[in-house]
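Please see the structure below; I have some questions.
Residue numbering begins at 1 within each chain, and the chains themselves are lettered A, B, C and D in the order written.
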Amino acid sequence: MNSLIILLFILGGGALLSYFAFLSKHAFGQAVVWLVAIASPVYFFTQVAVGESFSFSLGGFELALGFNHYSWVFALLIMVLSPLSLIYSTGYMKSRLRLGTFYFSFIFSIFGMMGILMSRDLVSLFIFWEIMTWASYLLVIYRGKDVEHTGIKYMIFSAVGAYSMFMAIVILNREMHSFDIATVIQNFGNMNAADQWLTGILLLIGFAVKSAVMPLHVWAPGAYTNTPTSFTAVFSGGLSKMGVYGIGLVLLNLYSHSDFSQVGIYLAWLGAITAVMATFRAVFQNDAKKLLAYSSVAQLGYIVAGIGLGTELSVFAGIYLAILHGAFKGTLFMAVGAVERQAGTTDMTKISGLIKNMPWTFFAALVAIIALAGIPPVGGFVGKWMLYEAAINSEHMFLVILIFISSTAAFLYSFRFLFGLFLGQQEEETAHIKEAPAVMVVPMILLSLFLVLMGTFPGIIFKPIAAGMAELGFQGVPWHMSVLYNMWGDSVNLTYVSITFGTVFLLGLVYITLIARKGTKHKLSTKDIHTAGEIPKPEDNLNYSLDFYKPFERVLSPLLKHKLDVYYNEFGKGLEALFNFMRRIYTGNGQTYALYVVVFLVALILLSGRIFGI
Amino acid sequence: MVANPILYIALPLFTAFLVPLLAKLWKPLVRIVPGLVLAYLAIMSVVLMQQVSPEKPIIAMIAGWKAPWGINLVFTSFSGFIASLISILAFFIWLYSFGFKKVEFDDAQKYFILFMLLTAGSIGVVLTGDIFNMFVFIEITSLSAYALTAFYKGRDGAEAAFKFLLIGSFSSIMLLLGIAILYTYTGTLNMAHLALLMPQVPMHAKITSFLLFFVALGIEAEMFPLNGWAPDAYSQAPGPIAASFAGILAKAGIYALIRVSYTIFDLGDHGGFELLLVMGLITMVVSELVAMRQENLRRMLAYSSMGQMGLIMIAFGLGTKEGIYAGLFIMFNHAVIKSLLFLASAYLVYYTSRKKISDLDGFGKLLPLTSLLFGLGAFAIVGLPPFSGFWSKLSLLIATANSHMEFVLATVLAVSVIEIIYYFRVLGRLYFRKAHKEIKVRKPTWNSVVTMIVLALVIIAVGVHPDFITGLLHNAATDLADKADYIQKIIPDLFSQTLN
Amino acid sequence: MDDILIKILGAIATVILAFTVGMTYGGLSRKVIARIQNRIGPPWYQNFIDNAKLLFKVSNINHGFMQHVAPLWLIGMSVTTVLFIPVLNTGGDSWYNSWFPNLNFHGDLIFLLYLMVIGSLGMALGAGQTGNPNSAIGVSRGLTQMVGFEVPWVMALVALMIQYKTTSITGLMAAAEQQGTWLAFSSPFATLAALLAMPGMFRYSPFDIVGAPAELASGPVSEFGGKYLSTMMTSGSIFAFVKLTLYVDIFFGGANNLVELVIKTFILYMYPVLWGAVSPRFRTEQAVRFFWGWPVLFGIIALIQASL
Amino acid sequence: MNQILTYSVYGSAILVMLIGIYAVLTKKNLIKIVIGLSIMDSGFNLLLVALGYIKGGTAPIFSPAVAGKDVLMVDPVPQALVLTAIVIGFGVTAVALSLVIRLYRKHNTIKIDEIKTLKW
C-alpha cells in the first residue's frame, strides 16, 4: 500500500471517524482527534518522502499523486501547523455543539490541502481544491454568525475562483490531451498566445482568490474573523498558502516559458497595493481577531509580491515568508484564541493588561509580533530583508516604497495588538482571568521558539526551499545557514547580529537588575502612576484604547473612504433586481404559456432558413 | 427469469388495471403488488443490461410482425440505460411512497394506478421503435401526469394540472402533425425506416416536421420558453410524484427529443444540434436565474431541475460523442440527486402550507437526517466533489471545451455559481436559524428513510468511484452516436438494399 | 584570538566615543536653545551630571517585566547599531582607524533601518505596561510620526541604493569616494528628502509630539526613573551619534578622522536643534502631512533621477 | 379542379385548426378553451384523413370481392392514427373538464386569468 494513500487515508478516515465518534461520545471524539493529530505528522515525517508516486485511473481519467520538492515545502508547513492547531483546538473548543461537524471539516480540509500538494494532475488538484473549499466553508459558517453574508461571500468568491480554474483546466486538456501537470508545463509554450493568456489568467484568478489578492480579497477579513479561531490559524496560516503555491506554479512554471512573463510584475503590484490597503485597515481595528485577519491579507500581499516579482531572491523570499507567515500568524491566532477563550472577547477596548494573567500567551504573541514586524533578531526579518533586497535589486523602486510603507504601518497594529490585549491598565474585571490550558499554550510556545530559531539559523528552512526552487526553474539556489546575500553581494550576518544584541541585552539585564537592587520596587499596580499632579479617581478611565490611532486616521481619511465590497454588494443587488424582473416571464396564466408555445413555433419556422442554412 | 422488454410495458399496464380488482380481494394488495411488479422490472433491467451491448441490442417484436411493418421495442445500450434508470428509480419512489401518506383507500388506489401508468408510459416512450407508438406513450404519460399533478385536492394541483394539460395538448397536436408530414413523404412510421428514408424527404418538409417535433418534445423536456407548466406541476404534485417528474417524465421527454434529433432526422449537423445547444443554454440561464429568487422551496427545486435539463440539452447539442456521454451522465445524476432533493424536501416542508424556504429555519435540529441528506443532495447537485455531480460536470466541461465553445463553458460555470448561491442559502437557513415557534414536524417513515439513504449512497458511491457507471454510459454513448448501426440492427434487409 | 580582542576593544571604544559625543551634544543643544530663548542655560556637561545622578538613585520603580527590560531593548539596539555603522572612512590614515570598522561589512542599510526600530518597539512595550495613558498616547503618536518620516527617508535611501547598485553603507561611501564628490551633491534631491525627514527622528520641536512635556508629561518615559531613565539617556545619546554618523557617512562623504567627524556631525546636529528652537509643536497629523508633502515629492524626484 | 378540391379540403382542415388555436389563445372562459382544444383536435383529424385519402380508393379491407384483382385502396394507416388520436383527444377533454370543475369549486370562477395563484 502506497504511503501517500495511507496518509490521505489517515486524514480522510480520521475526519469521518471523528464525526461519528463525536456523535457517540465526547471522549471518543477527543481521542480520535488526538490520534489524527499525532499519527498524521508522525507518519508524514517518517514514511512519506519526495519522489514517491502513486498513479491510478478513476472515471476514465489518469490521476497521479506524489510530492515534488516544491510542494514538499508547503507540505512541511501544513503538517506542522495543522496538527498543532488540532491539539490546540481540543482545548479551545469549549462548546460541545456540533463538535463532530467541526472536527470533520477541520481534518477534511487538511486532507484537501495535503491532496492539493500531492496531486500531480489537474483533475485531482481540482477535486482536492473543491474539497478543501467546502470543508473550510463549513468552518466559516460553523458559528452561524451572519451566514447569509460572510459565508455566502466566501462561497461565491471561492466558487468564482474554482470555476475559472476549472475552465482553464479543461481548455488546457483540450490543447494537451492530458491533465498531467508536468505535460502541461512542458507543452504550455507550444499553445497559441490567446490560449496561453486565457488559461494562465484564469488559473491565476483561481489561486489569487484563496491568497486574497486585491480585488478578490473582500471575503477574507470576514471569513477569517468568523471561523473558530483554532481553525483560523490553519486557514490564514496554511490554507491561504495553497493559493500561493498555485500562483508560483502558474507564474514560474507556465508563464515564464511564454511571452507573458510580465504578468508577474502586475501581480506583484497588486500584492503590494493589497498589503498597503489591508495594513491601513488593520491599524484601525478595535477587534484583535479582525486586526489579525486584515494583517493576514497584508502579509499575503507581500508573499504574492515576492513571488510575482519572479527573480530568484524574491521568489525565495516569497516562499520563505509563506512558511514563516504560517508560523507566526498561526501563533498569533492561537494567542487570540486563548484570550478569546479565557476572557470571552477579543475586543481590545474591553480587555487590557492580561500580561500578568496570561504570561505564556503574551510571550508567544510577543515573539510572533516581532516576527510579523520583521524586526531582527527573529525570523520574520530574514524574509522581509530578502524581499526588499530582491525588489531593490530588480529596481522596482516604487514597489519597494509601497512594501516599506505597509511594513512600517504594520508596526502600528503590531503595537496596538500587544498593547490592547496584554499591556495597559489591569482592571479588576479582568483580574480573575487565568492562563489558557497547556494544550493551548504548548503549541504556541513551540511555534514561537521555532520563530526565534529562524532568526539566527534560517538555513534550516532554506534547504528545502532551495530544493523546491529547482522545480520552479531556479537551479542551485545558493543558501547559507545564517548569512543572507542579495544579488549585489551585500550581506547580513545573522550570527553577529544575534551575538551582539544578545550579549548587550544579557549584560544589560544583569546590570539593570543588580544595580540598586534593594531600592527597586517590582510589579507595582498600574493604578499608581505619574499623573502630573492630579489624583485619578477610581471611576476615571486610565485605559487609552479607543480611537488609538485617531490622528493617523485623520491623515488617511480620504484613502479609507472607499471600501471595495460596497461596490460588490451594489453589483449583487443589481443582479438580484434583474432576476426578480426575469421571474415575471412566468406569469402564471396558462394562456400566456400556450401563447409562448405558438409564438416560439412560429418564430422557429420563420427563422428556419437562418437556422438550417438554406 | 423471463426477461423481455415487452414486460416493461405489459406488466405495469396490466397491474394498473388489475389494482381495482386486487382491492376487492385485500386492500393492502393495492400498495404491495405495484411494488412487486416494479421490483421485478428493476431486477429485469439489471439482467437485461448485462445481456445488452452496442453490438447486439435486444429487439422485441410485438405480435410477431417484423419491423418496419410491426411495432417493435428496441432495448439498446442507450434506450436500455434510460429504461433501467427509470424502472429502478420508479421502484424506489414506490418504496418511498409506500407509506408516504396514510390517505384513505381510494386515493391510494388512484395514486398507484396512475403511477403505474406513468411508469409504463415513460418506459414505453424510451423503448418503442415506432414513432406513432411513441406518441401514444407520451400521451399516456402526460394524461397520468395531469391527473397526478391534481392529486391533492387541498393544494392548487388543479390549476397546475390545467396549465400542464393546456400546453400538453399543444404538444400532442404538434407531434401528430410532425408524424403526419413524415408519413406523407416516407410512408412509414418505424423510426429506423424513417431514418433510412430521411434523405429523400424534401428539405422544407423535413425542417417543418423537425421543428414540430422539436417544440412538441421540448415541452415535455421542459425547454424554455415551453416550460411554463413545470414549476407549477413540480410544486403542486405530491413529493414522490415531483421526484418522478424530475427522474422519469422529464427523462422520457429528453430521451424522445434526443432520439428524434439524433436518429430519425439527419439535420443535426446542419443546425439541429446548434438549435438544441442554444435552446439548452437559454433554458439553463433563465431557469437558474429565476430559481435564484424563489421563496417557495419546491418551485426553487423545479426551476433548478429545469436548469439541469437545459444543461443536458447543451451536452447533447454539442453533437460529439463526449457530449452524449456527458449528457447521459448528467441525466443519471439529475435523476438520482433531484429525486433525493424532492423526496427530502417533501418532509422539510410537510406541514407548511405555502412551502416557503423561510419555513425551513432550524430544521437541521428538528430533522437531522433528512436535512443532512438534503444538504448532501445540494452539495452533489452543484457539483462539488466527492459527489457524483462533480464527474458529470467535469465531463460536460471537457466536452464543451473540446468543441471549442469557450462562451458556453463560461456561461455554464457562471450559472453554477448562482446555483451554489441559492442552494447554500437554503442550507444556511436549515442549519443556522432559530426554528419557528409552534412548528410541526413530520418524522420520516422507515421506508422513505431507506429510500433516501439508498439514493444518497448511490450519489456518494458514484462520486467516489465513478467507474461504477462510466462503462454503461460509454456503451450508451457509442450506441446513440452510431446511427447507421441502429438502422442496420433493426431493419437489416432494407438497410442492405439501400446500400447496394 | 588577537583580532577578536581588537574587535572587542574597538567596540568598547566606539561605544564610549558615541556615548561621550552624544551626551556632549545633548548638553550643548540645551545651552544653545537656552541662549536663543535668552536664558543662561545649563553647562555643556549637565547631561553627564543628570545621568550619573539618575544612575545612582536608590529607589527605582517598575510596573512589571516589560518595563524592566524596556531600556535594554534600547541600549541593545543602539549599541548594536553603532557597531554596524562605519564611524570613519576606510581611507583615513589616523592611528586609531583600525578600531572603528567594527561590523560594518556584516550588515547593510535595510538591516539598519529595521535595527533602528527594535528600540522604539521595546520602549513602546515597556511604556505600554506602565498603564499610564500618557505613555500610550505618546507611543501611538510616536509610531504615527515614524510612519510619517520613514517614507521620505526610505525613498532617499532606495534612490541612492539603486543609483549606486549597492545596499551597504560602506558600498555607498566607496561610491562617493571614487566619484570624488559627496552624494549630497551628486544626488541632491535624495539628500533634501533625507534632511527634511531628519528632525522627525530627533524629535525636537516641532516634532516633539511624542514627549510633548506640556500635555503628555513627557509621554512614554513618564513612568521611567532612576536607573531605567539613565539607561535610556545613555542609549539615546548613543543613538543620536548613530543617526548623525549615518547621515554624515551616507550624504556628506564620511570622515577621515575624528575631528572631521565631530565637526560634520555637530553642524548637522545644529540643524534640527535650531529649527526646533524657533518653532512651536505640530499636531500629529500635521507632522505626518508635513513629511508626506515636500519631502515625499523630493523623494519621488530622487527615485526618478536614480532610475534614469 | 381536383387540385382545388383537395387543397380546399386541406385548407378547411387547417382553418378549423386555426379556429381552435384562436379560441384557446384568446377566450378567457375555461370551458371555451377546452372546446377550442377539441376543435383543434378535430381539425387535425380531418387533415390527417384527407392526407390519407387516395382518389377513387376503396376501404382498405381484403374482402373476397376484391381478392386477387388490384383495386386502389386508401391508405389505412392515417385512419388508424386518426382513430387513436380521437380516443386520446376524448380522454384529454374528459380530464380537462374534470379539472375545470375542480377549479370552479376552488376559485368560484372559470376565468383563466383570475386563476393565477401559482406564478413567478
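For this structure, a couple of remarks:
Here, a contact is a pair of C-beta atoms (placed from the backbone, for glycine too) under 8 Å apart; a residue touches a chain by one contact, two chains touch by 3 or more.
Here the structure is a predicted model, which is why all the values come from computation and not from measurement.
Look at the CA centroids: the one farthest from the centroid of chain A belongs to D.
Of all chain pairs, the one linked by the most C-beta contacts is A-C.
Chain B and chain D, compared by their mean Cα positions, are separated by 29 Å. Centroids built from CA atoms put chain C at 80 Å from chain B. Note on chain placement: the centre of chain A and the centre of chain C lie 37 Å apart, centres being C-alpha means.
Chain A and chain D have CA centres that are 70 Å apart.
None of the residues of chain C touches two or more other chains. Residue positions of chain A touching 2 or more other chains, listed in rising order: 583, 586, 588, 590-591, 594, 598. Counting partner chains per residue, chain B shows two or more touched chains at residues 162-163, 166, 231-232, 290. Applying the touch definition to every pair of chains gives A-B, A-C, A-D, B-D.
Listed in rising order, the residues of chain D touching chain B in the complex are 17, 24, 30, 33, 37, 40-41, 44, 47-48, 51, 75, 77-78, 81, 84-85, 88, 91-92, 95-96, 99-100, 102-103, 106, 115, 117-118, 120. Against chain B, the residues of chain A that register as touching in their complex are 58-60, 123, 126-127, 130-131, 134, 137, 141, 144, 147-148, 151-152, 155-156, 159-160, 163-164, 166-167, 170-171, 173-174, 198, 576, 578-580, 582-583, 585-586, 588, 590-594, 596-598, 600-601, 604-605, 608, 611-614. Within the complex formed with chain A, the chain B residues making contact are 162-163, 166-167, 170-171, 174, 203, 207-208, 211-212, 214-215, 219, 225-226, 228-229, 231-232, 267, 270-272, 274-275, 286, 289-290, 292-294, 379, 384-386, 390-391, 394, 397-398, 400-402, 404, 406, 409-410, 413-414, 416-417, 420-421, 424-425, 428, 431-432, 465-467, 470. Residue ranges on chain A touching chain C, taken from their complex, read 353, 355-356, 366, 370, 373-376, 381, 384-385, 388-389, 392, 395, 397-398, 400-401, 404-405, 408-409, 411-412, 414-416, 418-419, 423-426, 486, 488, 490-493, 496-497, 500-501, 504-505, 508-509, 512-513, 515-516, 518-527, 529-532, 542-544, 548-549, 551-552, 554-555. The residues of chain C lying in touch with chain A in their complex are 55-66, 68-69, 71-73, 75-77, 79-80, 83, 103, 105-108, 110-111, 114-115, 117-118, 121, 124-125, 128-134, 136-137, 139-141, 143-144, 146-147, 150-151, 154-155, 158-159, 161-162, 165-168, 171, 217, 222-223, 226-228, 231, 283-285, 288-289, 292, 303, 306-307.
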